[in-house]
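Notes to accompany the following structure.
Each chain carries a letter (A, B, C and D) given by its place in the written order, and its residues are counted from 1.
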Amino acid sequence: MRQNLRNKTNMKYYHKDIRIRYAETDQMGVCYYGNYFVWFEVSRTEYFRELGFPYTEYEKKGIFLPVGEAYCRYHKSLKYDDLITVTVWISKLKRTSMQFSYIITKKGEKEPVAEGHTTHVFVNRDMKPCRIPEEIRKNITVVEGVK
Amino acid sequence: MRQNLRNKTNMKYYHKDIRIRYAETDQMGVCYYGNYFVWFEVSRTEYFRELGFPYTEYEKKGIFLPVGEAYCRYHKSLKYDDLITVTVWISKLKRTSMQFSYIITKKGEKEPVAEGHTTHVFVNRDMKPCRIPEEIRKNITVVEGVK
Amino acid sequence: MRQNLRNKTNMKYYHKDIRIRYAETDQMGVCYYGNYFVWFEVSRTEYFRELGFPYTEYEKKGIFLPVGEAYCRYHKSLKYDDLITVTVWISKLKRTSMQFSYIITKKGEKEPVAEGHTTHVFVNRDMKPCRIPEEIRKNITVVEGVK
Amino acid sequence: MRQNLRNKTNMKYYHKDIRIRYAETDQMGVCYYGNYFVWFEVSRTEYFRELGFPYTEYEKKGIFLPVGEAYCRYHKSLKYDDLITVTVWISKLKRTSMQFSYIITKKGEKEPVAEGHTTHVFVNRDMKPCRIPEEIRKNITVVEGVK
């Protein structure tokens, strides 16, 4: 497995651009609040790929990362066709769990429109907690996140 | 299995009431067109349960019903908090496939707001087509559906 | 408006049963984490209806309740066709904002499978904060919620 | 308006790449059938942008394109993290309505995994049918589509 890892030691942040879909709006004319958690997931997927260990590989090896906790704070609304940037990083790393933090801005802007975090437990096929694989752990740099 | 089947021979139609969720609206102020296919699925679930053979039982037995074709015609728009009735029935039945048809009305009204159909192939865990179990087939009455 | 209010003074909790949809599952075989926030919304809708002031009425009067914060803690997974009960109540009430809290159990069971909260700001059509209408405020009993 | 139109006369096909999200899978381990209609919408958005007249501009001008009919045929299943290409084009154009057709392939492959169409009526804010603006019509080349 190690040889498949691109040399991404000390990766800190990943920035994922997402275009807001019509399906993601609601009748208030803005994006429905539950969809932010989908964008969080999309940016996690790209974080893991960039780290050299795509999430599809985890599940093939029998490692799953169910969500233990999810939080989002909404500062400003988002609209259809807005182009956003989700900045994602790992803000906690324990023996069997990790926390991702997220800041959403409109692309090219600095002011956050939303921020949040999700915690994940590493489990095997029987949903028992297991240790985070060393090949992943050693490539991760933890940065303090959104509380 | 046969003894688990409630005596629903010749069931024709099932009527499922669904309350429209805020999440299902879009910025046009009406329900997003893709969600109608979710309500179709919800009504299929209830059709199978009423037939005496819940869909959860199919998958436990290694029978799956992926969708081969889906169609919807939209006559009138639906809004948040509308209470709709999905009338669902089986409109075709072959050796390894079946078709469901659907009419959506506002509850208590006769005018259809949408109608459609979905076709399904019976497959095993290897996604190979398989025959529809006799216990199901014999309880089904086919009624001509939405073209 | 007052005369439309059913006499629900001091309503504390509302219990909303929801059947899990196939669309709400993911390839882990359980419910996707973002959908819990949809069920929270469905239970808020029923809470307001039960209080005698359906949310559709708010928007007609030019009052909107965008979400300021959303949180969910996941204890156990949920599966397709599970029947859940969302218990919802108001856990904070300020001049221009309120917090809902939620506990999800499988119907008839006591152990929570998830719990969370959402905060909402009352705003007018220009998205400026406005006071919670007195007709609503006086019917609400606040109960301490999920932290 | 005309001066805003980039010179895209006779545009025929647009190809939109989409990465499948975890949220879009279901417990069968493949993509939920209703989500294909979301990808259709995403590719329509990009078609209109490429044509020089983004859909956001339509709604600002009081023109809406509700869906009249939607159809999809599913040939093969799609999985989480698959990268797909949606090829989209206009397959019918009438005075007040149009039809889009779609073919989905895995990126770089030729075999369709799904194909379909949607019809749209041009309406004004009162949901009355209206003519397709000439600036749009003249830039469109119609190609026969998926029946």
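As a working rule, a residue touches a chain if its C-beta (ideal position, glycine included) is under 8 Å from a C-beta of that chain, and two chains touch if they have at least 3 such contacts.
Because the structure is predicted, anything quoted here is derived from the model rather than measured.
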item	value
Chain pair showing more contacts of the two, C-D and A-C	A-C
Most remote chain, CA-based centroid, reference being subunit D	C
Centre-of-Cα separation between subunit C and subunit A, whole angstrom	26
Subunit A and subunit D: spacing of chain centres that average the CA atoms, whole Å	29
Length of the line joining the C-alpha centres of subunit C and subunit D, rounded to whole Å	35
Where subunit D touches two or more other chains at once, by residue number	22-23, 27, 30, 34, 38, 41, 80
Subunit D - residues contacting subunit C, complex	22-23, 25-27, 29-30, 32, 34, 79-80
Contacting residues of subunit D [partner subunit A, same complex]	19, 21-23, 38, 41-42, 45, 54-56, 80-81
Contacting residues of subunit D [partner subunit B, same complex]	27-28, 30, 33-35, 37-38, 41, 59, 64, 66-74, 77, 118, 127
